[in-house]
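The structure appears below as structure tokens.
By letter and in written order, the chains are A, B, C and D; residue numbering begins at 1 in each of them.
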Amino acid sequence: MKKVYGSAAEALEGLLKDDMLIAAGGFGLCGIPEMLIDAIVDSGVKNLTVASNNAGVDGFGLGKLLDSRQIKKMMSSYVGENAEFMRQYLSGELELEFNPQGTLAERMRAGGCGIPGFYTKTGVGTVIAEGKDVKTWGDQDYILEEGIFADLAIVKAWKADTTGNCIFRKTARNFNPPAAMCGKICVMEVEEIVQPGELDPDHIHLPGIYVHRIVQGEHEKRIEQRTVRQREGV
Amino acid sequence: MAWDRNQMAARAAQELDDGMYVNLGIGIPTLVANYVGDKDITLQSENGMLGMGPFPYEGDEDPDLINAGKQTITEMDRTAYFDSATSFGMIRGGKIAAAILGAMEVSENGDLANWMIPGKLVKGMGGAMDLVAGVGKVIVVMDHTNKHGASKVLTDCTLPLTGKGVVDRIITNLGVLDVVAGGLRIVECADGVTEQELRSATEATIVS
Amino acid sequence: MAWDRNQMAARAAQELDDGMYVNLGIGIPTLVANYVGDKDITLQSENGMLGMGPFPYEGDEDPDLINAGKQTITEMDRTAYFDSATSFGMIRGGKIAAAILGAMEVSENGDLANWMIPGKLVKGMGGAMDLVAGVGKVIVVMDHTNKHGASKVLTDCTLPLTGKGVVDRIITNLGVLDVVAGGLRIVECADGVTEQELRSATEATIVS
Amino acid sequence: MKKVYGSAAEALEGLLKDDMLIAAGGFGLCGIPEMLIDAIVDSGVKNLTVASNNAGVDGFGLGKLLDSRQIKKMMSSYVGENAEFMRQYLSGELELEFNPQGTLAERMRAGGCGIPGFYTKTGVGTVIAEGKDVKTWGDQDYILEEGIFADLAIVKAWKADTTGNCIFRKTARNFNPPAAMCGKICVMEVEEIVQPGELDPDHIHLPGIYVHRIVQGEHEKRIEQRTVRQREGV
């Protein structure tokens, strides 16, 4: 079963349609599917709803899909780094559904695990709870949050074998596994494709069953906040 | 006289005990790490890491290794990485002993507002709602009053809440207060601050 | 004439396509693995493994490597291990394309009973309820009748259910039936079995 | 913060009390906390409720705690390998709550993740659904299952560092991570304790935050069904 594709555009072929729901991995600009975002820009698909913790920055990451006006709605926890996002949101061009970060991650995992709803105390007593079912355990209220079932997941890993088993590197793992799980189809970009057997079966972070198509390529991996300390004695 | 940012951070660090797993918010809470001394504290970064190390030396920045503030950081011997669902599972599940967070407003029943000012640009709550709902102890570190001199320690919050009844302890430039039945209890006053000064800067009910 | 165990397994193997992730139950379903030929099938073992290999050579048994039937097995190049919550997440989430399972009874609306006989020793449902509820396609492989000659393909199940309306296809020693609107549809008869024989051995409604 | 203890008995000191709920890792006899089970037998603690996928076999694993009549109730998915279990169950000495295997695993994870309830279609229309809340999404019914919050988790890993970061080996991982997560306190036995830094931070299966006490020792690792194939040409 061939999972490896020659380019991001080929890997997405036949999968994109207007009005679809896409789940995207990444946190800030760390571990984002750069190549697949670029290919979606090129495809011209419209009216996307995108579930992603952040919305990229102006001109990079999901910011490119905002610049091109292909996104109708974002489901995110924090969008503070993107001026074009704010412009579109304040002008009413863009819908925004805020999710607490952990609720967003759990909603993705739940969708991928066949769980349509779960209870959490996150957001109880806040605007997030408005309109949601409430249930009480002990003396604590919990609100019902729903699983996210995405038409497509776009994610980025470090290395994958040709069957889709993959590993992530450091904090670039973040939302990528839950996003991958909740996609009806998952397309993954990686820095390196290896042969089956090259990854230790005990080290695999996301088994290939979740990964339908794979593309390898170069990543810019832009740093959002470069913070350093001084070397002692320098 | 009152505590400055570093003194507030140092006071907050006293809240931490050996063996604790702790989440530090952005701003003054970040400074707390400078004052834990030789206590065995493990810092969580909610984007998927336990055992957060200091900033890297110039040239050692790794784009795959950032904290929740998107800053480049380093790992330690004890570091473990995990995905965001697992990360917030441990937060929601009460495995993090304490979170030290900044705030815009805190009320006498422990309500916290720190994510949204209506009419202003809304950036999002990020992981703040999960943290205040889930961790063992929520410690707020903030200035006692705003730039206009109005109290940020209120009877009721005026801003949209991050969490309801979630704050355990408030550390400000003027002192330390606990959320208890009926209101706030003064734990201590900052250096050179009288109890009267602390009381008059506080809108919330202070109990005995 | 009718199919024997191996012929039933071979017929079930025809249900599998390249690229499928599949879970095989205990008994005849286990034999299906012998008949997949060069199709690219990945077997799941619900105790936490994708890419289940054959039994080990004597002396190579590893107590840390067993299948859901607690038998010693081996890994393959493509193998990945994970915990039980993740394993059943992928089952419940529909990531497993098909499960091939044994049964005590199947009804015409796709109800399945394969875990419990009241009054007898109850061993438990293990992962069967999760599998039939979650996987893409549930294929039952079983004898068409019990040892007394009574049909196991029924109007209604008499035993406690494993799942309601979950079976897609039934492969027995007498033939292949699909669960469709209104009852079962005959897909094919086993070698040497007439449609009349298949019908008379079936209590369930057979449509057109 | 000292997490390493010299023996299983020391690691359990002060944690055991009658009528407590214990979550145990393992599947069959694979990856079970052998040493901790033995120490609980020796402790004499009574009326335990144990959440564990299986109940061991006669005279090994949790079977020892059945032999000693220390278990009041089991929460399991399959208990077919244990004759003493069946004898006690049929005579009414032992309570049994059957859980579908995936529901049991998810209930443990949910408890560890602060989720008091979640919806699943597993068991809908069966005896498992009796008395449980039902909610409908689309045309499918789902039942509400509750998180398990155990007083104590006893689990077994392959290697742990002294901070409790640990890795499992092959299918011995199974229920150990979810069981560890749902314990208010988690005691872990391992085959080898290493120093922090010896485990790659990207390879850790369960971070030390979930692990409160660790003990190292020898494991029998009994095989329940020894199945082999013939070497070709032999």
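Here is the rule we use: contacts are C-beta pairs under 8 Å (C-beta built on N, C-alpha and C of every residue); 3 or more make two chains touch, one makes a residue touch a chain.
Treat the numbers as computed from the prediction; the structure is a model and nothing was measured.
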item: Chain pair with the higher count of C-beta pairs in contact (A-C, C-D); value: C-D
item: Selected pair, out of A-B, A-C or C-D, that shares over half of its residue contact pairs with B-D; value: A-C
item: Separation of chain A from chain B, taking each centre as the mean of its C-alpha atoms, in whole Å; value: 27
item: Inter-chain centre distance, chain B versus chain C - centres from mean C-alpha coordinates, in Å; value: 54
item: Distance from the mean Cα position of chain C to that of chain A, given in whole angstrom; value: 35
item: Residues within chain C bordering two or more other chains; value: 75, 81-82, 88-89, 91-92, 134
item: Where chain D touches two or more other chains, by residue; value: 106, 109, 113-115, 120-121, 168-170, 201-202
item: Interchain contacts, given as pairs of chains that touch; value: A-B, A-C, A-D, B-D, C-D
item: Parts of chain B lying in touch with chain A, wherever the complex brings them together; value: 45-49, 54-58, 60-67, 69-73, 75, 81-85, 87-89, 91-92, 111, 121-130, 133-134, 160-165
item: Chain D contact footprint on chain B (complex, rising order); value: 18-19, 21, 40, 42, 44, 50-51, 75-82, 88-96, 133-134
item: Residues of chain A defined as touching chain D within the complex; value: 106, 110, 113-121, 135, 137, 142, 146, 167-170, 201-203, 205
item: Of all residues in chain D, those that touch chain C in their complex; value: 27-31, 53, 76-81, 86, 90, 98, 100-103, 105-106, 108-109, 120-128, 158, 168-178, 205, 221-231
item: Chain C contact footprint on chain A (complex, rising order); value: 1, 109, 111-115, 161, 163, 165, 181, 195-197, 201-202, 204, 207-210
